[in-house]
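In what follows, a single structure is set out as structure tokens and then discussed.
To keep things simple, chains are lettered A, B, C and D as they appear, and every chain counts its residues starting from 1.
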Amino acid sequence: MSEFEQLYREVILDHYKSPRNFGLLDPSDATAEGQNPLCGDEVTVTVRFGEGDVIEAVGFEGRGCAISQAATSMLTDLVKGRPAGEVAVMPKEELLEEIGIPLTPVRLKCALLGLGVLKVALHRAKGTPLPGEWGTATGEISLS
Amino acid sequence: MSEFEQLYREVILDHYKSPRNFGLLDPSDATAEGQNPLCGDEVTVTVRFGEGDVIEAVGFEGRGCAISQAATSMLTDLVKGRPAGEVAVMPKEELLEEIGIPLTPVRLKCALLGLGVLKVALHRAKGTPLPGEWGTATGEISLS
Amino acid sequence: MTTTAVQTLDAPRLRADFPIFEQRFHGKPLAFLDSAASAQKPRAVIDAMSTFYETSYANVHRGVYQLAEMATEALEGSRETVRGLLNAPSAREVIFVRNATEGINLVAYAWGLSNLGPGDLVVATELEHHSNFVPWQYIAGRTGAGFRLLPVDDEGELQLNALDAVAAGGTVKVVAAGVVSNSLGTINPVERLAAWAHERGAIMVADAAQAAPHRRVDVQALGADFVAISAHKMCGPSGVGALWGRAELLERMEPFLLGGHMIRAVGDERTTWGELPHKFEAGTAPMAEAVGFAAAVDYLHGVGFDAIERHEHELTAYALGRLAELPWVTAYGPPADRRAGIVSFNVDGVHPHDVAQILDFDGVAIRAGHHCCQPLMRRLGVTATNRASFYLYTVREEIDRLVEGLHKARKVLA
Amino acid sequence: MTTTAVQTLDAPRLRADFPIFEQRFHGKPLAFLDSAASAQKPRAVIDAMSTFYETSYANVHRGVYQLAEMATEALEGSRETVRGLLNAPSAREVIFVRNATEGINLVAYAWGLSNLGPGDLVVATELEHHSNFVPWQYIAGRTGAGFRLLPVDDEGELQLNALDAVAAGGTVKVVAAGVVSNSLGTINPVERLAAWAHERGAIMVADAAQAAPHRRVDVQALGADFVAISAHKMCGPSGVGALWGRAELLERMEPFLLGGHMIRAVGDERTTWGELPHKFEAGTAPMAEAVGFAAAVDYLHGVGFDAIERHEHELTAYALGRLAELPWVTAYGPPADRRAGIVSFNVDGVHPHDVAQILDFDGVAIRAGHHCCQPLMRRLGVTATNRASFYLYTVREEIDRLVEGLHKARKVLA
């Protein structure tokens, strides 16, 4: 497989072209929005909780590259049905494994934008820990 | 002659050790003071005029290296009896020729400190032109 | 132009001067179409700095020993070279800074903090790079002055007829404009802006970071009061740039950075400032970088600015022509004859990050993003664009490879 | 120290790493005794920068293509190396600047302009280099705060028992002190100053420009809030230095230089700032310089800071001993065991300029002047001194050549 085929493999393109859980939930219990200041990518995430702090539904919208959109789409699938407290401390490696492609530091920022934004939404609603440092390699993701 | 003997030749050492016209004139018709901010050298020059704008007497004091002290001493000999207007536009080459030693840019500043200060004194008393740019190679002489 | 023979350049031959092209990327020769962000370096520039460190290095200005004199001569000789590049009246007016950004900040702080206040206006343009935008917005905010934007038209050209309206209700004190837009390549009529500024008693601050690599920048012809450039965009090293300012203004200004070298006498209560340019150069100078900067200027003079400009115009016209063949590509900015060698565009339905990434796999390096021009992006109604930019080592086939890559990106992602 | 084996260094062997020593000056081998002004560069440092330009150069951070990723990794890897040098908790707290001077100005402006006012005090020391003196004097003046000096005793050591008197009648907001004096070599008790500052709610700004080349500087052990260093004094290139600051403070501060890269979002009305360290790094970074800086740090680690410190102590003790044999020489500063490798002195009746000049004719390079310490010179009652300073490539015979030259200077001029 060429580097090209590795990065833009079928499943990524599928999530990019048909994102899961696309669209904002209304009403929702938690929401957050974030941008990647390096490229202007934007993601908004909304969450609805079920019993306790279990994530019942997630919805997102955004503009961005294939990697950031596909990664956020995959993320939403990954966290549904799991408790907020668990997702808040979910290591980024778990998502990266799911994405399953080699990423350079700049593209890593694209892939992790949605996860950071989701963690902020959970923090706002449930007081769970904020995402730590996302590394200084290429500028931080900004949240608003 | 070694570089050393060139720079510290007999006449320089003589002027350094027995400076001519040393001591400030009191009363005087014009005075100015200057420092070389690179090394802290200081020179004060006083002038008394005779008929018209002829420089009748010059006196100086200062602390500084052999080059700056000797050069100022030589300068005072050089300008006595000449009109202020002529000295004000005296090219630095005239003094340098009198000094007669090869000078690097930093030492040039030492050698020309007294001339700059004298020109300021003349300017103050007679409105003669101020010294132009002394070159940017190693910092300017500061006047106060 | 008074040249009789047309100056041309031989880009394939010049490429041999640049070690970076000896390498392959993703198995392909490097098509470096991101010179507007930073240019590659010829061996002459790299070697000039190594040689300086190996043979003439010491801290400058204050040393009496021979090595310090050599280093001082190297630094001050470089200043003279940069003076010549800009046709500045005196080397005293040339201040070495880290980059154009710092040069503009110097003016914003040292001139702005003492000369701006409520009722005053700073006018910047919608085209500005953040570096000639945010410092003014910030210092205006700190001093209570207003901050206004001169709009561009749909082709990305300044709407000069809006000037008086923009200035309404305030006293214009600063006009800040780039000579060449780094996003669109637009060449701005800085001479006319300067005249307008001076009619109002305002200062004209010209950001020539993107112009100086590609065209003659003559500060006297521009009529500006301050002009900032960066070495790294013109084949020189990182870590150095220059600010030119009119001596009368620099002399009346407060200093900016304070510390060693920029002083006359330091008292416990009060300190007096050194002469120009030292007053604005606190601490140890970027000495080797200045030497590399001068080597770059010499290199560019050797190639010839007229030849560089002509070469880039040809490439730009060619690139715009090729992009115009693609109905799914939107190109921004004015026609080729009114711009420098920069082409910004978008591919329908494909994010610039993905375009740039897919091109990279073919060894084609372009930039994707907002190019430090978020206000302009808003005006264009996008968050990001692709940008291909050309320099003296760019060849036509690289543009063909770019276009090929766009087809590929569209096929995969759109 | 927990090392069991005593670390030593072999200066004659290390000299071979430095190309500058291949040259002769005035027909003599170079005795470079001016490292406190700026150190010479080993080949490893020069080559690291050339290689960076030849193989990995592009503008950092925003590029998606491979070359930009390589450059970004090089820059950020260098930041991590500098973090390690300073034992800083996080690389986010390490800001690349041009030199220590700029680092201190950053704090004086960005922290000082917003946090100082009438009734507040900035306390600096009489030993300070102008770079940790004039910025505070200036910003205190701009904000209406007071500026006070902590005096030194006759040996050039800080009089800590005067602290409370110096602070009387005001609220101390900043304490600014060097870790090692560049004029006298005095090692200051910054830990104790920091504790005193923090008791009063003040920030401690430590100028480690002269300490970092010669000793371990551990920002956590120092207890300071800001620490500034320059690469060029520690075998690194010109054009780069680092400011370390506590994240809590940096996060709450306004930015300093404004422009590209340091922003989050630029609005027409308002701009928000990027995350650390980017918020303080406007414009294109000194990229190759950072790479050279890291190579220098690696080189110094290879030699070993303990070995460097020991070597310089031996040289200093030797030099002070030799000078003490000359009744017509006055040496300034504390005994060898309380200072770094710097010796300042005067020859009765001979101006330092002449001493330095005469030494130069024998290939011995020392500095003569006020060493950017005019307040200290006034305290010592002189306008200038001679200063010989040592580094890892200094050998004993160079000190013998220095002493020989002093005899000669005296013979000719005194």
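The rule is simple: a residue touches a chain if its C-beta (ideal position, glycine included) is under 8 Å from a C-beta of that chain, and two chains touch if they have at least 3 such contacts.
For clarity, every value in this text was computed on a predicted model and none was experimentally measured.
**Q** Distance between chain B and chain D based on Cα centroids, please, to the nearest Å.
**A** 36
**Q** How many angstrom lie between the CA centroids of chain C and chain D, rounded to a whole number?
**A** Taking the average C-alpha coordinate of chain C and of chain D, the gap between them is 31 Å.
**Q** Using the average of all C-alpha atoms in each chain as its centre, how far is it in Å between chain A and chain D?
**A** Their C-alpha centroids are separated by 44 Å.
**Q** Give the residues of chain A touching no fewer than two other chains, as numbers and ranges.
**A** 38-39, 107
**Q** Give me the residues of chain C that touch two or more other chains.
**A** 26, 62-64, 66, 68, 261, 263, 265, 353, 357, 368-369, 374
**Q** Line, ring, star, complete or other: which one describes how these chains touch?
**A** other
**Q** Would you please name all pairs of chains that touch?
**A** After working through each pair, the chains in contact turn out to be A-C, A-D, B-C, B-D, C-D.
**Q** Okay, in this complex, where on chain A does chain D touch?
**A** Residue positions touching the partner: 35, 37-39, 104-107, 133, 136-140, 142, 144.
**Q** Spell out the residues on chain C that touch chain B in their complex, using ranges where they run on.
**A** 61-64, 66, 68-69, 72-73, 76, 79, 90-92, 261, 263-265, 272, 274-278
**Q** Over in the complex, which chain D residues touch chain B? Could you list them?
**A** Counting only chain D, the residues touching chain B are 26, 351-354, 357-358, 361, 368-370, 374, 377, 383-384, 412-413.
**Q** For the complex, give me every residue of chain B touching chain D.
**A** 2-4, 7-8, 13, 16, 38-42, 63-68, 107, 110
**Q** Inside the complex, what are the residues of chain D that reach chain C?
**A** Going through chain D, the ones touching chain C are 19-20, 22-23, 25-26, 30, 32, 34, 37-38, 40-41, 45-46, 49-50, 53-55, 57-59, 62-68, 98-102, 104-105, 108-109, 129-135, 137-138, 147, 149, 230, 232, 237-240, 255, 257-263, 265-271, 282-289, 353, 356-357, 359-360, 364-369, 372, 374-375, 378.
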